[in-house]
Amino acid sequence: MFLQTVVTGLSIGGIYALMAVGYSLVFSVLSFSNFAHGAVIMLGAYIGLGLVTKLHFGLGLVVSGAMAGAGLIAIVNEKLAYSLLRKRKAPSLYIMISAMGCAVFLENMVYATIGSRFYAFPAFFKQSVLCLFNGTCNIALLDLFAFGISILAILGLHLFLIHTRTGIAIRAGVSDMTMCSLMGVNLDRLISIVFFLAGIFGGAAGVFLGIKYLVYPTMGWVTNKAYIAAVIGGLGSLPGALLGGLILGVLETFVSTYVSSVMRDVFSFGLLIALLVWRPNGLFGRDTGEKV
Amino acid sequence: MTGPLLEVKDLTKTFGGIRAVDGLSFAVAPGAITGIIGPNGAGKTTVFNLVTGVYRPDAGSIDFEGRSLLGIRPDQIVGAGIARTFQNIRLFNRRTCLENVLTPLLQKAPYSVPAALLRTPGVRRMDRELREKSRFLLAEMGLEKLADVQASALPYGLQRKLEIARALAMEPRLLLLDEPAAGMNPEESRALSALIEEIRERFNQTILLIEHHMDVVMRVCSHIVVMNFGALLAEGPPEKVRTDEKVLQAYLGKEYRNA
Amino acid sequence: MNYVLSIVTLAGINMIAVLGLSIFTGFTGLFSFGHAALVGIGAYASAILTYYYFVPFPIALVAGMAASALVSLVIGIPTLRARLRSDYFAIAILGFGEALRVILENLEITNGARGLPGIEPFTTLPIVAGCLAVSVWVASNFLRSRYGAACIAVREDPVAAEMAGINLFRTRLLSLVVSAAFCGLSGGLLAHFLSFIQPVMFTLVQSTALLAAVIAGGMGSITGPLIASFIFIAMPEALRVAQMWRLVAYGLVLVLIMLFRPQGLMGYQELTTFFRRSRNDRPAA
């Protein structure tokens, strides 16, 4: 029971981490909470669904397609809804409100056009559950796959940020945007890349979420959890996002197993508030005090 | 009262390893105008921020009228009788001049929230009286004609005056002015010196001011504190500070001596 | 005719909540993605009182206001005392609102997610009109008083406000509590107008709609948000637009306003000042 809870928690946590990375990446460069990320994830899930139901793609192609699509959507989202504010040096709160507007807009756009129906992905694996330890602990193959992909993707991103020119430019942008543009880095391109990266992670997360649960317009609100995970780890920190996702996944599963499943969400939101109040920079976050 | 109005002892504040204020001690005598001078980055404004509770000191003590100011909130320090202006003007920009002065005055109006919600006759009367008082204060600063103009629409020099008017509305026993003559031409700063002296006489106001304009400092201050790298370099009356060897070297520069 | 009356009533109810949020966001400068939950608290508290305990309607309304005000203290005290960054505060209250909704969905007395049907429809248009008029009067009294002056000073410059002898924490908390009371009143009226309430009526989406009205109407204005709120409710009803298209529009409005007119329709102005200005000469500004 205990082991099962940990395994289930980690598998959810892996997806949380994948989504939390998107929040953290954007926050690390632009210092605002991109609430439209949930909608991007939701659109990624729909793209994946379209690819599998209309074009009968396999899992690998579905995930890649959703990643590319969501990445592009994230870039367009930034260009249309944030770039003007960013150039005007508007308070980060304004960008956040604009992001919230995008989330409401996109979600209800899907509602109005595709409809509120719940869609399910077809089964990708013949045998869906793997038994461990003589059946004391079951793990869904999909969860294992998603967890593996999440860890690999975050590791890949980490290596990208450390070893490539673009990655180094992004990290420079994190520490000082103005300086970075003075040094001849093309900020617009850099920020597009950041949003693209956040988007592709969101696309993958969307497909995994869609397979695990279902695909529907408001599925993006699950990302509130991912946001909480990002806050736990410290907004703007990649290892923080990973660890925050896993911690939240496990804690949450424990609460729903041992306390009550309805208290799970109350617990997560309570954790969010408590963390914001007592440790706003999370476990790994930088100090991001608002300038007076 | 015979002791100093404000007494700062061994005040220290560090920011990430840099000692912005380093073991500073000085006192402000009641009824006098005291000046703090020093090169840029000497920690002058930090002293104001420590006295008014924006920052907490790492070490040292700040006593006002014999009572410690350590560990109390900025708004309580205002209540204790210290008001200030800011180096980079901080007005309530979208409010009128009158409202800028009225806001601190209103904070002492002793009516309750329910009375405010119902706007009882008592509330009306008090608000009316305080409005009159604000007009009077604006008139003292020569701003009475601009009472209904938005603060942000005022020219720079008048914004500084409005900030002083707002500080006076708090009825302080000690007024801190942070570079009141910044950005003024010689003529304007002469007028400002006269105004500061007038404030001291009219309101019997003790003033502590930070200033770069030497003509203002030398003219209005009876006592000068010179800071360098967060520490006290020299202090005394203008004549003494003006000729102090260390001050000339560190602050006014060698060229000054040769000139 | 009956249909038109019901739309106007609904708009009036919504305007009271927008008025409340306007005090908090427009005049005190703090953004909230959780005020719909405070409307929900008022709705449930008053409905439970009339439904289970047969408490007279006016008393139930007041109790709803008090309940919302009290609940707002629960989130306000820790977060406002901690002086969170403004965006973190908006998120903390978002989390609070969502948590409240989950709790409402799982209590027995609220009948859970299925909602509470059969609430006596006490709310009529004259009652709403009266409540709205009194609310506007009380809100403008508040804003003219020392407390309102403190709120506006905090919005304009928290550091300068503190140096004007204003207690930031107490001022922000008072503003939250007053705004919550208005939201509670709006909720009480709503419950007894629709005679059916459900937790999903008080989610983040509704909070966003309230915020959209305040921002579109204009920060620091009472009349602006009221007009915007009326338009937001009445226009789609008149055009018979489905709920989701309405929300599409809210989202779009938020983005467009932030991009092109962050001060909103009548930022920092009232309808009355326009009239006054056209009569007198414009002040020298």
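Chains here go by letter, A, B and C, matching the order in which they are written, and residues are numbered from 1 within each.
By our rule, a residue touches a chain if its C-beta (ideal position, glycine included) is under 8 Å from a C-beta of that chain, and two chains touch if they have at least 3 such contacts.
Bear in mind that the values here come from a model prediction, so they are computed numbers and not experimental data.
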Overall pattern in which the protein chains touch one another (line/ring/star/complete/other): line
Label of the chain whose CA centroid is most distant from the centroid of subunit B: A
B-C or A-C, whichever has more C-beta pairs in contact: A-C
Centrality ranking, top chain (CA atoms only): C
Centre-of-Cα separation between subunit B and subunit A, whole angstrom: 49
Gap in Å, rounded to a whole number, between the CA centres of subunit C and subunit B: 40
Centre-of-Cα separation between subunit C and subunit A, whole angstrom: 31
Where subunit C touches two or more other chains at once, by residue number: 159
Multi-partner residues of subunit B (at least 2 other chains): none
In the complex with subunit A, residue positions of subunit C that touch it: 31, 33, 75, 78-79, 82, 84-88, 90-92, 95-96, 98-99, 102-103, 105-106, 158-159, 204-205, 208, 211-212, 215, 242, 244-245, 247-248, 250-255, 258-259, 262
Complex contacts: residues of subunit C adjacent to subunit B: 138, 141-142, 144-150, 152-153, 156-157, 159-168, 174, 178, 220, 268, 283-285
Interface residues, subunit A side, partner subunit C - complex: 32-33, 80-81, 84-85, 90-98, 100-109, 111-112, 221, 224, 227-228, 231, 262, 265-266, 269-270, 272-273, 276-278, 280, 288-290, 292
Complex contacts: residues of subunit B adjacent to subunit C: 52, 54, 73-75, 78-79, 83-84, 86, 90-95, 99, 102-104, 106-109, 111, 113, 116-119, 123, 127, 146, 148-150, 153, 166, 170
